[in-house]
Amino acid sequence: MRTMIASVYAMALYGFIFLPVAMLVLFSFQGTLFPIPPFNGPSLRWYEAVLNDARLTSGLMNSILVAVTTSALATVLGFLSAWGFARFHLPGSALLRGLITLPLTVSYLIIGMGLLILFNWLGLPKSLIAAGIGHVVINLPLCFAIIYSQMGDHQANVERAARDLGASEIKVLLLITAPMLWPALFASFFLSMTFSWDEFVIAFLLTRFDTTLPVEIWNLLRAGLNPKTNAVGALVFGVSVMLAIIFELVALRRRNS
Amino acid sequence: MTPGTASRIGWASVTPALLWTLAFFALPFLAMAIVSVYPKGGAGFSLANYGQFFTNPSYWRAMTNSIEVTAIVTVISVLLAYPFAWILAFVVPRRWQRLALMLAVLPFWTSYVVRSYAWLLVLAEKGVINTSLLELGAITEPLQLANTRTATVIGFVHFFVMLLTLTIYANLKQLSPNYRKAAADLGATPLQSFAHVILPLTLPGIMVGAFLTFVLAIGDYITPQILGGNNELLMPQLIMMQIGRRGDFSSASALSIILMVVVTLAYFACARWLRIERA
Amino acid sequence: MTLHSLACRLAGASIAALTAFGLAGQASAADLNALVWCDHADPNLLKPFEDANGIKVNVKEFEGTGAGLAIIEQSQPGDWDVMVIDSIDVPRGVERGLFEPLPEDQLPMADLFPEVKMDASTVVDGKRYGITEKFGYNTIGFNKSKADPQDMQSLAVLTGDKYKGRIAIYDYYLPVIGMAAMAIGKKTTELTEADLPAIKEVLTKMKANAKAVTDVVASQTALATGEVDVLVGGGEWVTAGIAKENPDLDFSIPKEGAVLWSQSLAMFKDSKNKDMALKFIQYIMSPEGQARLATSSCYWGMPASSKAALNDEQKAILRFAEQPEFLKRAQPYPAPSEDLDKKMQDLWTEMIQAQ
């Protein structure tokens, strides 16, 4: 009986979670101009329209570029700082750690606007770099928190052993610490990619012509109603799911080996 | 390694991250604070932008709307996600758990802007819900779902149920099964065991998730803008209106700072659960 | 290698990488940078010009003069070449020293409908700074199978009970405030702060009747899908583009009149590419450019040039023949001072927040 209730509840929630995605994908195959019932597809015309839209495809490339670069930078900065705070007694450490994690509690909108005002003062133009800087700001605290939480005393002992055997500090960091923290580093990078990939408001405020996919999708949304938005959404979903599966396989393989 | 070298290396490794945070987070914030007290088109220093928030009821209401919506969203999301995470953690057979969890967060991967838009299609007067309910004869008039606060809440809850399921699941899995066994051995009913043992132990995880929900929801522009139909304004919409319609960064900055104060208050309310600890 | 130097190198490399892709993303000097409304982003409009001139047109879309000027404030001189701006707001750009006079002898001035040349605002101190490219009306858009066309002949229907819950309001304060002013017999060009309380009363009644206050897309969606039957502030720009999908959509010019919207092209004084900017303006004003702009994917509108190469079906959808009658009853957008503008926007916020 209790399993029954549990199954019904779980099914209901799965239904809730998948309803909009299912509708999104279904009506991306709509034959006419309005992505609402009745369904009169299937048609691939909207997918064709998306692939022929130079702004959407360049938005896609920009998004990938920004996501990969900023996540790598955020992970490196997060790793170095986590290591520094975990292994060395630095005065004011608690306060400084607080500073690094502070952006986690601030809305993206506010971070984006602050950067816009600052760059405006400095005369720096809007660009993908500006948006990328913002993405590192939002992801660095996350990377730091994840990696710092995984810095156990166990690794410290191994590091000490390596140092006693004559390894230089840099070798310890690259050959001992980083590999031991590989899961945390990977998780940080992957999570940062997800957030950067999906981030809208910072990119919206800080870019001009070359912009990221979410902003292009927003423009598309504002430029008229059509199932093209469904098609691009379905494509993004498909690609993301594939990435998630790859992530899962990599994670599983590692655990089994 | 001498203490001097050690501390030099330590500082060298934390400095890049600190500098980044100072330059691109603290400094912009300072710039915003300065801009906020020099109103657009005004003669100089003035607190007028802060004053209008407290004196103009439509500005004030944006904040109360935001807090109401965010609180409702946070509570509903936690209430929906906790049992779900529980089922995933303790009812679903072990070998299916990972798959079940992954399925539960799969729509997380649709683009965020598109997700809100998809809900609009579902909730519209001619959308799937109304069409099916009408055909089933459950209603005779279509329900007004799109363009309401309800729609905004549904859009938010959809996202945060996924997020909270993840964090609460992780929390539940960390509990040793011995706790439940011990409680049972001591004669506790499952309900007592839950109320006095499991819930208190998972509370920190819930609070972290709830706080994250609060922060992300109260600062979000897209969901209310797409789903709310502008029947009321939330803070982020009011802020974007200042920038988008008038290029008034001064007023937008003041409103952002007020919003940040509210989030900070929420942070202090949950602070004792939010410390990041090393394993 | 010390850790410090490693950190520096890593940071350096990352910044170099960021810079590399950022610079690659910068517009090159040969591009034309246009600050436009969404109708100009249609590839069908831009592609022929790009191909003919071997140039890339970068577009940034905005809505409303305030937002456009804000974008310019956040840019460096020379960032922009051409801009689309409300005709009545051309003087605001000229005041700020943004625009370059246009050579009338190189533009098809004679082809323009005389009513929409708007020389009072597009010509400042005897120099032409803007040329009208497209126009239309903010009026009542409706579904004629569900709303009685006779009812749509008066603005009073918007504040009455008959269509309660079947109305949406287009989310742009200027035209709707203009319509509210006309409903109480005021002229859009003569509005002052003293008129605002009476306007507020009209807006509040409209809001009480309305299901939603919607942007361009949501307006189209709501009307096209039958979510609402009447759109305050709608016009051919909502109904024409989707007329094929839903032929019941129509608009009226009520007896009190309608608000005329009119968009102009202007060239930036600091443009580094003035020849190409002029060519672009000439292209948009050519019969082919005018036809493509009038039927752009974002929204349709009347071409400013009588020579626009539209076919009969398109002309019928735009109600080309009825224009002289419409124009007689149209009044321009309100053009408030900075101060009144802020008050009007606050009025708008109050209307949205009203319960």
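To keep things simple, chains are lettered A, B and C as they appear, and every chain counts its residues starting from 1.
Please note the rule applied: a contact is a pair of C-beta atoms (placed from the backbone, for glycine too) under 8 Å apart; a residue touches a chain by one contact, two chains touch by 3 or more.
Everything quoted here is computed from the prediction, not taken from an experiment.
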Moving only to chains each one touches, count the minimum steps from subunit B until you reach subunit C.
1
For this structure, I'd like the pair of chains sharing the most C-beta contacts.
A-B
Determine the centre-to-centre distance between subunit A and subunit C, using the mean Cα coordinates as centres, and give it in whole Å.
35
Cα-centroid distance, subunit A relative to subunit B, in whole angstrom
16
Where subunit A touches two or more other chains at once, by residue number
36, 77, 80, 116, 133, 169, 221
Can you list the residues of subunit C that touch 2 or more other chains?
2-3, 7, 10-11, 73-74, 215, 221, 225
Shared-contact residues (touching 2 or more other chains) in subunit B
9, 12-13, 16, 124, 126, 243
In their shared complex, subunit B is touched by residues of subunit A numbered 3, 6, 9-10, 13-14, 16-21, 23-24, 27, 35-37, 77-78, 80-81, 83-90, 96-97, 99-111, 113-118, 121, 133-134, 136-137, 140, 144-145, 148-152, 163, 169, 194, 198, 200-201, 205, 213-214, 217-218, 221, 229-230, 232-233, 236-237, 240-241, 243-244, 248
Given the complex, residues on subunit C that touch subunit A span 1-3, 6-7, 10-11, 14, 17-19, 21-22, 25-27, 33, 38, 41, 43, 58-61, 73-76, 79, 215-217, 220-221, 224-225, 241-242, 245, 297-299
Touching residues of subunit C toward subunit B in the complex: what are they?
2-4, 7, 10-11, 63-64, 66-67, 69-71, 73-74, 171, 173, 211-215, 218, 221-222, 225-227, 338-339, 341-342, 345-346, 349-350, 352-353, 355
Residue set of subunit B touching subunit A in the complex reads 1, 6-7, 9-14, 16-18, 20-22, 24-29, 31-32, 35, 80, 83-84, 87-88, 91-92, 98, 100, 102-104, 106-107, 109-115, 117-119, 121-122, 124, 126-128, 131, 158, 161-162, 215-216, 218-222, 226, 236, 239-240, 243, 249, 252-253, 256, 259-260, 263-264, 267, 276-279
Touching residues of subunit A toward subunit C in the complex: what are they?
32-34, 36, 53-55, 62, 65, 69, 72-73, 76-77, 80, 116, 120, 123, 125-130, 132-133, 169-170, 173, 208-210, 219, 221-225
